[in-house]
Amino acid sequence: MTITPPALSVFETTESEVRSYCRGWPAVFDRAQGSHITDEDGHTYLDFFAGAGSLNYGHNNPVLKRALIDYIERDGITHGLDMATSAKRAFLESFQNVILRPRDLPYKVMFPGPTGTNAVESALKLARKVKNRESVVSFTNAFHGMSLGSLAVTGNAFKRAGAGIPLVHGTPMPFDHYFDDKVPDFLWFERLLEDRGSGLNKPAAVIVETIQGEGGINVARPEWLRALSDLCHRHDMLLIVDDIQMGCGRTGPFFSFEEAGIVPDIVTVSKSISGYGLPMSLCLFRPELDVWEPGEHNGTFRGNNPAFVTAAAALNTYWADGQMEKQTLARGEQVEQALVGICSESAGGGAEFRGRGLVWGIEFHDKPRATAVCRRAFELGLLLETSGPESEVVKLLPALTVTPEELDEGLRTLDRAVRDTARVPAGV
Amino acid sequence: MTITPPALSVFETTESEVRSYCRGWPAVFDRAQGSHITDEDGHTYLDFFAGAGSLNYGHNNPVLKRALIDYIERDGITHGLDMATSAKRAFLESFQNVILRPRDLPYKVMFPGPTGTNAVESALKLARKVKNRESVVSFTNAFHGMSLGSLAVTGNAFKRAGAGIPLVHGTPMPFDHYFDDKVPDFLWFERLLEDRGSGLNKPAAVIVETIQGEGGINVARPEWLRALSDLCHRHDMLLIVDDIQMGCGRTGPFFSFEEAGIVPDIVTVSKSISGYGLPMSLCLFRPELDVWEPGEHNGTFRGNNPAFVTAAAALNTYWADGQMEKQTLARGEQVEQALVGICSESAGGGAEFRGRGLVWGIEFHDKPRATAVCRRAFELGLLLETSGPESEVVKLLPALTVTPEELDEGLRTLDRAVRDTARVPAGV
Amino acid sequence: MTITPPALSVFETTESEVRSYCRGWPAVFDRAQGSHITDEDGHTYLDFFAGAGSLNYGHNNPVLKRALIDYIERDGITHGLDMATSAKRAFLESFQNVILRPRDLPYKVMFPGPTGTNAVESALKLARKVKNRESVVSFTNAFHGMSLGSLAVTGNAFKRAGAGIPLVHGTPMPFDHYFDDKVPDFLWFERLLEDRGSGLNKPAAVIVETIQGEGGINVARPEWLRALSDLCHRHDMLLIVDDIQMGCGRTGPFFSFEEAGIVPDIVTVSKSISGYGLPMSLCLFRPELDVWEPGEHNGTFRGNNPAFVTAAAALNTYWADGQMEKQTLARGEQVEQALVGICSESAGGGAEFRGRGLVWGIEFHDKPRATAVCRRAFELGLLLETSGPESEVVKLLPALTVTPEELDEGLRTLDRAVRDTARVPAGV
Amino acid sequence: MTITPPALSVFETTESEVRSYCRGWPAVFDRAQGSHITDEDGHTYLDFFAGAGSLNYGHNNPVLKRALIDYIERDGITHGLDMATSAKRAFLESFQNVILRPRDLPYKVMFPGPTGTNAVESALKLARKVKNRESVVSFTNAFHGMSLGSLAVTGNAFKRAGAGIPLVHGTPMPFDHYFDDKVPDFLWFERLLEDRGSGLNKPAAVIVETIQGEGGINVARPEWLRALSDLCHRHDMLLIVDDIQMGCGRTGPFFSFEEAGIVPDIVTVSKSISGYGLPMSLCLFRPELDVWEPGEHNGTFRGNNPAFVTAAAALNTYWADGQMEKQTLARGEQVEQALVGICSESAGGGAEFRGRGLVWGIEFHDKPRATAVCRRAFELGLLLETSGPESEVVKLLPALTVTPEELDEGLRTLDRAVRDTARVPAGV
């Protein structure tokens, strides 16, 4: 496939230098369907990025599309603030019936604004209000968002520097596997909590991702999550699971923490919750934590009703039974098998992989190679992104609706991109 | 009209106590068109709230609706992160051609995430990064958003208390008219800046609304804004105009600061920019301030492409000539005339009004009456909200596309609501 | 008098660049008595600086010296932490009998460490603990100390920059006369407190100096202080008077706030409290504020017992009757009369003076002239320092024990220094 | 010895509840000499506390006393701000000749105010100014002082709570032996520094005590200190050694870090530097760090000249040769031998000891017993204090001038106090 340099002029002249994805994928995209996305020149790419996990049901999923167009056609409420609407009721009822009740989860539902960082900000506010403490513990390589509250519990030094003020009230702790399992889990954290002379400000809450997406596809073991949950309970700290990227079925079950059998005090959900890539987020919490005053947190777009419509359709279509979870785990096995070969053979042992469900990462020992692999994959018609503190991990986030054939095709392209980026050994 | 109590059960059992608008308007809304919104029981209300200023072109505006459905039908990109897309290009070109160029505004355009507070957070980050200072000056009764960065420059004590941490790095200054013009403008502010012993941390920027919507429809005079702009220039501070509620034509011209003839360094735009009530926001700034590194600020939903489609359609439909501005100013005169009578006669002199274009506020001396007026208006089929630090101001934000007849009807309903809430004087 | 450049070598090679007074007074001082200080070359200077107000009873006051030597000779406790000691008891009893009881002041006495900034830090901690709020209001051109808590409520931008972190939790308000009395007192402050939308974090306390020494000898009127006290009471904020420089009789009465007839909630005392220039400070507060836990604030040198000995001797010698206050006021009149002539004639109208008791300042319109006057005074054998944000004020702080003759001599030298620094008008 | 309850009335009625040592030692002390202190009733106590390490040369050391009285008799300058004085020159020259030069230490000397916390505040300010970063790393159970800057790097939760504001900009790391040597030194710290995604704000400096006195006599190994010094160097952080309690010969050599062979970037010295218990402190730093502007940090009592006089006398008397160091180490061996028996036999194995030179701690497994031992020791005529986060450590800090006989007597009394506080086992 030959790539003609696209006409990027208005982007270059007018859009801020802050733009980033468009630099790695120099195309002007126009249409998309399922796992495929097409640019203005008619080139079609297989998408293993899925809107950074916002398109778990594929681009422009036809079932959701139908519901969405019907809603717009009939002049359903578009912008609803936090007014009661038919669309919101339908979503809340579906969420209760399909998600919460079958899992015995007692959560109240807050619409904190339509983005992930809105949800994280509201979760942190609530935890601090409930516990009357300022400090929050996060983990190494965590990513929780770009507004100041969320950024303070995010690990990446480059993103943090953008704050322009010292980020305080957060303390990082080692995520699972941070010391290659040579140090007992939570040794440091628990010691700090128990020692009245440790200097740690007692935290209101702990915020954690079960798998760190931006941090490099770092997978926490279920037993580590359970131990964390116990630790929080014993030390009177709220446990916040940020399930923005790993929730909505990405790891198999609807919530990524289900496998560990824990029930967090607060859960943030966004990205794929609308199902169609429309901005929407939720903050869920135990009913006894619902100490908000009316309007104490608000936001103009917290009632994005078209998103409620597609969200309800997605829940009813994909989560009424256990099919989706089973399928995701099966697809995951397909990926895992391919990665074994890619890492050992194609990468010549210079890479390791990890993941669960349909989220996988390949960490290259030669760190810059990860970026080279993504660049080569793009030339070969596959969208892939890196993650990790030094962009050393190639991240696989195909749509959950990907077919086995598409998956196979993409993995073969990936394999080729890995092989094509092998450095010729010096002296040959 | 009789209001039957609607079935709110799932809202009451499942939605967080933080919900607020639904408490004042106990109905389940279902459909909407232009200036009208209809509940499930078939009651139709005239909407003088317009999504808190997010629906300047009315609910489900047919021109934008057509463009939106066409785009969805043809599987245009929905979720685009910050990839280059046809829809984004079309928006950027329209924004350049219709808005920026005719006004000689040199701004770069940043997509900081789809909500107003995303835009404010990015504006504050950028200002601090450029100036290498932490402090920002805001104004009494300012409202800029609910995430921690924005909340720190917001005035409302109730909202601030929700932060759960001390909000620092911001200093309030008196907004225009704060002392009933008995004190020279900026006397205090400028003195603090000039006095090396004042104790004011030198600000990176000043953030201001030209008319404070949430703060009580407080209108800054053009000469006050010009003096502020001069002050910023003289003291090397960036001027940020938060035009989220007052921009997109609300006051007449596209940007609310045009009347004053100033060119802010940074401008935030959201609410009505998509035209259809879809989440979208912009952060605009002088090109020399574009010191962002790629990806230094990001956000999952910063590429909400359906919003770009309706945004471009709105710009091309309504802003290609000066018609919209003229019409808004004419409608404003219609409102103003009605308010003269409402305040002097129906309110018996117990109220004052202020505003510009199609944003007006009636401040009641008997503060709780404002809430009573809104409640009575709802019973009479008119949606109105209060604002101000003690909810003492009835706020009028009709769609800019409201017809003279609708405006007249709403104003008559308002008049009746004011009369109906008169207290019987004691002893009569 | 001719000044031979002294041998400063070890100071220049070994002492940090942070040293300052030694730069303006290039001499190596050796001995001192009363109002005179003598350098190694035998030059004697009249001291109108008095250790920045720490030597109100003159250098090495013979009565205190006798008590001090007796105490050391008999091996009285020198370093006592906060153990009960005979010397501490004697001080506490004298302070009760001579100072607190006659003035009907109900204060508990805390020994927070021997420096002024220790006292201010403990006052701020206590106020925040009692009120459970972080914010404290200070005034333009305030000076309260160099440790981080005190520095955050200090106005001087140069000193603040030394903190190396953003100084937060403090908000400056205009000191008396800040707007030349064109703006009603406390208009801005009270408005911010009353307006729930003002953005001011509700303060735990207000900290104020009755006369700002470092800030430029800015004198608050008694009625301004009373209004401030009322404001604090009405708005549930604690009033802290920092009487470190102006207390111990500097303005006439023992406490500088006595003239205003107010009773602050918390008072800090240091500088001249030991009487002999030895490090000592007190934090006084209403008994109902004494919510400290034992040891919650501490410090190694809070029991500097030799200072307690000289402090008790000073109280018993000088404050058992009203003589000292009367004498100080009389000396103040002597200063005032001289300053009238110095400002109008010798300075040719280019200066203004202000003060009370034995603290006076001359502000020069030609700001650098203040420094020139001090330099010239030094050559003429008189020690004088500047203050004010731009060092534009010559500060007079003679010992309270200065004789009328010494005062006259010093004022004549000052007059000559002022005349000697007149610039020859251009073109003459 | 029978203890008559002393007349504490004025302390109880007038002194703040914050007082603490006087509660454990209910006596009114009057005189002191060497290692003995006598109360008003004539009871004499052997002092193994030595003013919390401020009286390394004993109470009212006769050599220093002579120098002090001579100075006062001849009207030497008492209060000198930062003027050059004969006394300051003599001190600086002695410090150069006796301490710095023989150890090849290149430090500049700053007089930051007379207390330890003044020195720590200035050290932190300087480090932040030099590195232009806010964050500072401290260690678990560190103690650095009570003003806000120092308190933020202090570990004790009870002391921290007194701040009344969230203490930020500090991060604790594990001190030596914190995990009983099961975890490699600096594993966590170095990983955080190397990982760009760790979330640790890059520190300007690390502040450490070589032996934590208040924290429970926690002794850092020389190799740990060397590794810390290397770590700081590799990661461009300044190393601050807070030698306030452990310096001035307490551990043997003049500076406690000498044994490790490191040269910190900044050193704080106080407590015993004046030798006589008079308030004095120093901040020492490499000359290239001396970026202070004149007067950028100041303080009224930074020129406590009587303290300079006794300080110079102490240096010249005790540190002109290596005698003092040898003697301290010999005395330390005497203590160590006694503690072996006390812990194993008298405490029945229920205690462990640690220390170096003349600073030792006995940690009791039955934590409250440490307080009981001190109480009993007081009854037996010996002053001892506890330390550690739960006051579980009995701390031995005898004067360095203690005689072998006094040491023996005190250790025998301690032994008896330990035996007297044994609990009768249940069921006996």
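Miscellaneous remarks
Read from first to last, the chains carry the letters A, B, C and D; within each, the first residue is number 1.
As a convention for this text, contacts are C-beta pairs under 8 Å (C-beta built on N, C-alpha and C of every residue); 3 or more make two chains touch, one makes a residue touch a chain.
Labels paired with UniProt names: A, B, C, D = Diaminobutyrate--2-oxoglutarate transaminase.
None of the values given here were measured: they were computed from a predicted structure.
Taking the options A-C, B-D or C-D in turn, the interface that duplicates A-B in more than half of its contact pairs by residue number is C-D. Looking at C-D and B-C side by side, the one with more C-beta contacts is C-D. Per-chain CA centroids place chain B at a distance of 59 Å from chain D. Work out the mean CA point of chain B and of chain C, and you get 50 Å between them. Each chain gets a centre from the mean of its Cα atoms; for chain C and chain D, those two points are 31 Å apart.
The multi-chain contact residues of chain C, meaning those touching 2 or more other chains, are 134, 158, 165-166, 169.
For chain B in complex with chain A, the touching residues are 6, 8, 10-11, 14-23, 25-33, 37, 40, 51-52, 54-55, 59-60, 65, 68-69, 72-86, 88-89, 92-93, 95-96, 108-111, 113-118, 121-122, 124-129, 134, 145-150, 152, 158-159, 161-166, 169, 204, 244, 270-271, 276-279, 283, 285, 290-301, 304, 306. Put simply, chain A touches chain C in their complex at residues 165-166. Chain C makes touch with chain B in their complex at residues 134-135, 138-142, 153-158, 160, 166-172, 174, 178-179, 183, 187-188, 191-192, 195-202, 215-216, 388-390.
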